[in-house]
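Quick heads-up: structures coming right below.
Look at the two complexes coming up: chain A is in both, with chain B in one and chain C in the other.
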Partner chain A sequence: MSFQPVILWTDALIWLLVLICGGFAWHIARTPALRASWRKVLARPMGMSSLAVLGVFVLVGLADSLHYRERLDNGQLDVEVKSLLDRALVPFTARNERTYSAPLATHAQSRETVQRPDGSTVRETPRLQFGGAHLADPQQDWLGDVMARTLKGLALGLAASLLFAVLLAVPLKRLWRCGFAAALVRLWRPQEGDIAWKSLLLTVSMLLLTCGAVASLAGGYHVFGTDKVGQDVLYQSLKSIRTGLVIGTLTTLVTLPAAIGLGLLAGYFRGWVDDFIQYVYTTLNSIPWVLLVAAAVLIVQVFIEQNEASFSSVAERADVRLLALCVIIGLTGWTGLARLLRAETLKLRELDYVTAARAFGVSGPRILARHILPNVQHLILITVVMDFSGLVLAEAILSYVGVGVDPVMNSWGNMINAARMELAREPIVWWPLLAAFSFMFALVLAANLFADVVQDAFDPRTAARGGKA
Partner chain B sequence: MSLLEVENLGVRIGAVVPVDGVSFSIGAGETFALLGESGSGKSMTALALLRLLPAGGRIGGGEIRFDGQLLGELPESKMRSLRGRGMAMIFQEPQTSLNPVMTIGEQIAEALPGGLSREEQRNAVVRLLGEVGIADPAARLHSYPFELSGGQKQRVMIAQALAGEPRLLIADEPTTALDVTLQAQILQLIKRLARERGMGLLLITHDLGVARHMADRVGIMYAGQLIEQLPVDAEAGLARAFHPYTRKLMAAVPGLERAGQRLAAIPGRVPPLDRAFAGCRFAERCPHAFGPCTSAAPGWSGLAEGHQVRCHLAEHPAAVRGDESAQPLEMPRPGQVPVLEVRDLAVSFTQRTGQLFGKKQIHAVDGISFELRMGETLALVGESGCGKTTAAKAILGLTPISGGRVELDGQQVAGLSERRFKPYRRLAQIVFQDPYSSLNPRMRVGDILQEGMAALGVGEAHTRGQSVAALLEKVGLDPDAVTRYPHEFSGGQRQRIAIARALAVRPKLLICDEPTSALDVSVQAQILNLLADLQREEGLAMLFITHNLAAVGYLAHRVAVMQAGKIVELGATRDILAHPQHPYTQSLLASVV
Partner chain C sequence: MIRYILRRLLYAIPILIGVNLITFFLFFVVNTPDNMARIHLGVKHVTPEAIEQWKAEHGYDKPLFHNPEQHGIRAVTETLFVDRSIKLFSFDFGKADDGRDIARDIKTRMWPSLAIALPVFVIGIMVNITAALLMIFYRGTRLEYAGVAGLIALMSISSLFYIIAGQYFIAKLWQWLPISGFGGGIDGFKFILLPVLVSVAAGIGSGARWYRTIFIEEIGKDYVRTARAKGLSELRVLFRHVLKNGMIPILTGAVVVLPLLFTGSLVTESFFGIPGLGSYTIDAIRAQDFAIVQSMVFLGSALYILGLLLTDLSYTLVDPRVKLT
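Here is the complex of A and B:
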C-alpha cells in the first residue's frame, strides 16, 4: 500500500522547533558551563522525572505530527489525512460504539428501546458492540476479566521496564568502563556526580506499568469510555496532546521575539522609544483580550470559508485555523512579558557592570546581548513555562466561547466544552472531562516542575545559596 | 546582678553554626559592644536574644537570662510582651525599617504600652520625638517616612524603640547607613539616652572607632565565637587588646597616623562554619600560631580585671614572635604631566515638580575644577548626595554634562558623542563601590576581563588570554579564576576582579568610587594596599572618591572636599587634615570617631 506524505503548516513549524532544540542541545554539549548547568537539572530527581513525563508527551505529539494520505485501491488518494499516531491507534478508531458508554463498561450508558427476537420490545441498556463483547456473561466474568487483563498489562509493563534498564545499562557500561552487573547496580545507587538515573528508571517504569495496564485493558474495553458519537475518549485525549503542545509552543515562538525585543529596547534606551512601546502595549492591553482574539479568529474564519477550495482536506483547513490561533494569541499576548522585561531592564541598566561596559565603549546592542539578556533569561524561561500552561487553558476557554480550534480537531478544550452538556445529563457523563483534565494536569504539572528545576540550576544566585547551605 | 546574662549561647541554621558558645553579661546602664566583621555571628547573637532568628535558625544551646528570667522557657506570648517593653532593637537600615504608608506618629504609637488614651498617646509620642531631637515634634506627627531625611528616620526609629520603655536597647549597626557627620550625632544621642534612662545597651558594630567611642566593655567576635572581652580604657582605648586577631584588626584601620605605612592585612578568609573545629578558629591566619593552636581549642584566660582572652598565647607568652613592625609604604612621586584636567565641570538634572509641566533644575555638580598628574592620588571627599559620583561619571562621559571642560591626556573630551569619545575611553577607567553589582553574574571572569580589551581593541586577540593571566596575578588571584563565575568569589576577591577589569585596558587614570566601603576592615586593608602597589608600579593617576576621611590620609597626596556640588577646599592632605580652613571640612573632621 503506497502513501503520500502530507506536511501541514504546524508540522513544518514543529519539526523546525525540534531542529532548533537539536541545535541548542549540540551547543550545550560543546559549552562546558551550559553542560554543567544541565547536568544539575538532570541530577535532581524532580528534573529527571518531569523530563521523562514531558518526553512521553512530546513523543506522542511528534508521532501525531507525521501526516500522510493513503493511496486507495482505485489509485485515488484518500481524502482523510492520517498521522503515524492514528496508524498505531487503529484499534481505537475502528471500534466506535453508537453513543455514550462509561469507562470499562460492557453496556451502553442509557436505556434504548430494543426489539427482542420474539417481536416484543423492551427498554434496556444494550450490550456494547466492542466494549466487553468477548464476555459471555458480563455480570459474572467482568471483574475477573478486568483483573486478569490489568495483571497481564502490569506484567508486560514490568518486563518492558526491565528491558529498559538493560538497554540503558548497555551503553552506560561502556561509558563507566565497568561490568554489566556493576552498571545495573550503579543505575540504582548512583555515585557522586551521576545524574538521577534512579528517578528516570522509576518514572519510566511507572509510565510503562500504566501504559501496559491501559493497553491491555484497551484490547477489550474502552478504558476512558466513549463520547456522544461513540468515539473512544482515550483516543481523543491522546490526539489532543498535539493540539496542546502546538498551542503551548508555537504561540511562544510568536510571543518571544516581540516581547524580548520591545521589552529590552524600551527599558534600555528609554526616551521616545520607551514612550512609543509603552503606548502600543497599553493600547493593546486596554482592549478585552477575549474580544480581540474572537474578532481576529472570526476574520480568519471568514477568510478560510471564502477560500475553501484551496484546502485539499479537512485536516488542512483545521490546521490553518490552529496556526492562525497561535499567531493571534501570540500577537495579543506579548505585553505581559514585555512589561516585565522592561521593568527588569530599567533596573539592570543602572547596575555597575553595565556602567563599566559603557565605560569601555561597548555598543548598546552588545550590552543588551551580553549583559542584559543573559540576566533576564530566568524571567523569560519562567514566563514561557507559566504561559505554556496558561495557553493550554486559554485554548479551552476560547473553544468554550466558540472561537478556539476547529470543532473537528481533537483538543482538550473541545472536550471540556462538550462536558458542559454532559455534566447536566442524568446519569451524569463525567469521563470525557476527567480524561481531558488528567492529561492536561499531567502535562502542565510536569512542565511546571521542570521549569522550577531549570530555574534553580540556571540562576547563579540560587546555585550559590545551594552551595553554601 | 546583671540585666542580661548570656551563657554558652549557640545558634544553628541547618549544618551551619553561626554562633557557638558565646557568653557575656550586660549590667543596667552599661554599654557592651559586640565587635566583629561580617559573618562573625554578632547580628545572629542579637536576634537570638529576641528569639527572632531567620527561618531555619534555632537556638542550639545555652541560656539567656534577662532580669533573672530564663528566656528559653518563656512561651511566645510572654516573649512578645518582652520585646519592646523589656528589650528593644534599632536596626541598621532606616530606609526599610519604617513602614512607608504609615505616619511616623502612628508607628511610634504602635510601640507604646497599651491602655493609654488618644490624648496620652499623642503626648507621649511628641515627648519621645522631642527627646530624640526631632525639631517641632508636634508638627512632625503626621509626616510620612519619605518626608524625612536619613538621619531623621534613624531618630524616629530610636523613638520607636524607646516607646516601650525598654531596659535593654539593642542597636545593630545603628549608624552604618549614615553619613559621618550624622553618625556622630546619632551615636551621641543613643549614648545620652542610655545614660539618662539607665538602660543597658548592646551595640553591634564592625567599626572599631564606634566601639571604642561608645562602649564600656567590648567583646570581639570571630567565626561565631567570642574571642576576647575587655573594658575600654579612657585613655588607651583598646590598646591593651591581646588577641592577635584584635591587634591585626586595629592595625588594619587606615588613618592619618599610618600615612606612609602599609596597612596590616590578615591573609586568608574566615573559615566556613559548617564543620567542627579542632583548634583555634583563627589559627590558620594567625602569624603567631604554634603547637597547640591547631590541635586544641583555647579556653578563656584572664589577663586583668574584666579582660579575658581565648588564646593559647596568653599561657605561653614566649611563643609570641617579635611584633612585626609596620612596613613602610613607598608613596609614588607624582609626575609633572597632567593626566586629567577638569575646568568648571557642571552637571544638572531636570526634575519634575508637583505642578503640571513644572520642572526645576538640580545642580548635582556645580562648576568644579581640579587637575591630576601622573602617579598622583586625589581624594574627593564628601557626604552622600554631594555629587562626587556624578562628577566621576561626567568625567568618564557616562552622564551628559551641562558645562565645563574635561581634558584627558591633553584632549578635550567633555560633551563628545559616544562614537567620538570611544578613542579616549581606554585612558580612564572606574572601580565601583559594590563588588556584587559591578560584575555581571552570567559572565565568567575571563570574559569579564577581556570585554574591555575587545571593545577598545587593546592588544592582539590571541594574546589576550595571556594578558588576563598576568592581570589576575597582579591583583593576587589564582589563574584558574578565568573559568569561574563571580558568585564563587568573596567580596574582597570580587573587588580585585573589578580592579583587574579596569586595568585590563591599561588606563592612565583610575577612578575609585568608594572601593572599600562595602568591605570588612581586614579586606579593606588588602584592597587599599593593592591599590597603592598598583599605583606605584603603573604610575597611575587615581581619583579616590570616598566619604571616609580616615582612608584619605593614608593614600592621597591631595584632598578635595566637596559639598553640595562644589569643591569647598582643595589642598595637600597634610595641610587639610591638620589645618582645615572651611567650616564644612572642620565639621567633617570633628565627627570622625
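Here is the complex of A and C:
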C-alpha cells in the first residue's frame, strides 16, 4: 500500500517546535547554571512525575502530527487525511456502532424496533456490532470477560514496567559505574544528588498499567462508550490531545517574538518607543479577551467560507482554522509577558554590568541580546509553562462560545459542547463528558504541577527563600 | 488629585480610539457589510438588490471612511466609521440588526449581570482569603502541602465542569435549587444562589493560591519578625499584621475588575439562562450581530480603563506612601 505524506500547517510548526526544544536542550546541557536549575526540577518527585505524564501526552500528540493520504486501489488518493495515530488506532476507527452505547456495554443505550426472523417486531436494546460481540451470553459472561481482560492488561502493563526499569538501568549502569543490580537498587533508593528516578519509575508504571488494562479491554469493548454517531469516545479523546497541545504550545510560539521583542525594546530604550509600545498593549489589553478572539474568529470563519475551494480536504480546512485560532489568541495574549519583560528590563538596564557594557561602546541590540535577554529567560520560561494549562482550558470555553476549533475537529471543547444535549437525554449520556474532562484534567494538572516546580526552581525569589515557596 | 484624574481620563481617549479602530477594522474592513448582508440573508436570497436593501435597512449603506457624494466635513462624517464608531463615544450604541435599541438593552440587562457578579466577587474574595490564611497558619505541615496540591487540582478543572456538575447534582439530581432562570425580588434569590456558588467554587483554586503567595511574601518581612519578637501569638500576627498588609495588593488587584462586574460572565450567564450582558454578548456572537458585539467591546474597554484608573486611586487610599503626580 502506498501513501503520500501530507504536511499540515500545524504539523510543520509542531516539528519546528520540537527542533527548537531540541536546540534548547542542547543549550541547557552546555550551560552549567541552567543544568543545575533543571536538575532541581527533576530532583523533585512532583516535577519528574508531571514531566513523565506530559511526555506521554506529547508522544501521542506527535504521533498524531504525522499525516498522510492513502493511495486507493484505483490509483487515486483517499480524500481522508490520516495520521500515524489513526493507523495505530485502526481497531477504534473501524468498529463503529450505530449510536450511543455506555462504557463497556454489550447492548445499545436506547430501545429500537427490531424485526424478528419470524416477521414480528419487538422493542429492545439491540446487541452492539462490536462491543462484547464475542460473548455468547452477555448476561452471564460479561463480568468474567471484563475481569479477565483487565487482569491480562494489568499483567502486560506490569511486564512493560519491569522492562522499562531494566532499559533504564542499562545506560545508568555505565553512568554510575556500578553493576546492573546495583543500578536497579539505586533507581529505587536514590543517592545524594540523584534525580527522582523512583517517581519516574512509579509514574511510568502507573501509566503502563492503565494503558495495558485499557488497551486489553478495548480489544473487545468500547472502554469509554460511543457517541451519537457511534464513534468510540476513547478514540476521540486521544485525537483531542493533539488539538489541546497545539493550542497550548503554538499559541506561545506565536506570542514569544512579539512579547520578547517589544517588552525588551520598551524597557531598554524608554522614551517614545516605550510610550508607543505601552499604548499598543494597553489598547489590546483593554478589549475584553473573549470578545476580541470571538470577533477575529468570526472574521476568519467568513474568510474560510469564502475560500472553501482552495482547501483540498476537510482536515486542511480545520487545520487552517486551528492555526488561525492560535495566531489570534497569541496576538491578543502577548501583553502580559511583554509588560513583565519591560519592567524587568527597566531594572536590569541600570545595573553595573549593563552600564559597563554601554561605556565600552557595545551597541544597543547587542546589549539586549547578550546581557539582558539571558537574564530574563527564566521569566520567559515560567510564563510559557504557566500559560500552557490556561490555554488548554481556554479552548474548551471558546469552543463552547462557538468560536473555538472547527466543529469537525476532535477537541475536548467540542466534546463538552456536545455533552450539554446528552446530559438532558433520558437515560443520561455521561461518558463523553467524563472522558473529555478526565483527559483534560490529566493534561492540565500535569502541566500545572510542572509549572509550579519550574517556578520554584527558576524564580530567584523563591530560590533565595530556600527552594520551596 | 483632580488634575491627575483629568489627565488619566484624557489619556483614555487615544486608547478608546485605538480600540475602535481595531474593532472597526475587524468588523467592517475585513468583513465588509456586503458579507454581513449575505450571511444574514442566507444563501438562497442573495441578490444585489436584496443586499442593498438589507444594508439600507440596517444602516450599513454608507462608505467606510470617505463619502465622495458629500462635500466638506460631511464627506467624512457621513461614513460608516463615524456612524458605527465615533458615536459610541457619546454612548450612542445605535440599533441591533433585529432593530432593538442596544443602549436600552444594556441598561436593562446590566442589573441581572451585577446580581450574579457582585456576590461572586465579594464572597469569592472572602473565601479565598480564608483559605489562604488557613494554609499560612498551617504552613510547613502536611496539611498545607495537601492544601496546595488540592488548590492546583481545583484550578486544573475546567470551569465548564463546575457549572455542568453543579447543575446536574444540585439542580437536577437533588433538586435543591432551580437549574436555570432568573427572577426579580426575594423570589429571585434562589436563582442567583447556584450560579454564585458554582462561580465561587471555580475561582478558589487560582484565587487562594495567588493570595497565599502574597501572604507568604508578607510573612517573610521584618515587621512580622518584630511582631513575633514582642511576643504576639501567631494568630494575632496573622490577623493584625499579615492580613492587613496583604490586603493592599489583594484589594488593589481586585479593583481593576470592579467596573467589569457590570458586563457579567459570558459562560455562567448563558449556562444558567440569566438575562444579563454576558448572555446578551454570547447570543450576539452566535447570531453574528456585529452591532451588539462592537458595542460590548467598546463598553468593556471603557470599563477596563476606568478600572485601571480606580486601581491607581485605590493605591493612594490604602497606602499613604504612594503619591500620584
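In the analysis below, the second predicted complex is superposed on the first by the 394 of 469 C-alpha atoms of A that agree within 3 Å, B and C clash if a C-alpha of one lies under 4 Å from a C-alpha of the other, contacts with A are read in each partner's own complex, and residues count from 1 in each chain.
The criterion applied here is as follows: a contact is a pair of C-beta atoms (placed from the backbone, for glycine too) under 8 Å apart; a residue touches a chain by one contact, two chains touch by 3 or more.
Just so it is clear, the structure is predicted and the values come from calculations on it, not from any experiment.
When the two structures are aligned on the shared chain, A:401 is found in touch with chain C, with no touch to chain B. Between chain B and chain C, the partner in contact with more residues of chain A is C. Residue contacts after overlaying the shared chain place A:351 against chain B, while chain C stays out of touching range.
In the superposition on chain A, A:143 makes contact with neither chain B nor chain C. When both complexes are overlaid on chain A, the residue A:359 reaches chain B alone and has no touch with chain C.
For the contact definition in use here, the residues of chain A common to its chain B contact set and its chain C contact set are 469. Those residues of chain A whose C-beta lies close enough to touch chain B in the complex are 32-33, 351-353, 355-363, 366, 370-371, 374-375, 377, 460-461, 463-464, 468-469.
Of all residues in chain B, those touching chain A in their complex are 14-16, 393, 396, 398, 418, 421-422, 425, 428-430, 432-434, 437-444, 451-452, 455-456, 483, 485-488, 498, 501-502, 505.
Across the complex, chain C is touched by residues 279-280, 282-288, 290-292, 294-296, 298-299, 302-303, 306, 389, 393, 396-397, 400-403, 416, 419-420, 423, 433, 437, 440-441, 444-445, 447-449, 452, 465, 469 of chain A. Residues 14-15, 18-19, 22-23, 26-27, 30-31, 35, 39, 152-153, 155-161, 164, 168, 213, 216, 220, 260, 263, 266-267, 281-282, 285-286, 288, 293, 296-297, 300-301, 304-305, 308 of chain C touch chain A in their complex.
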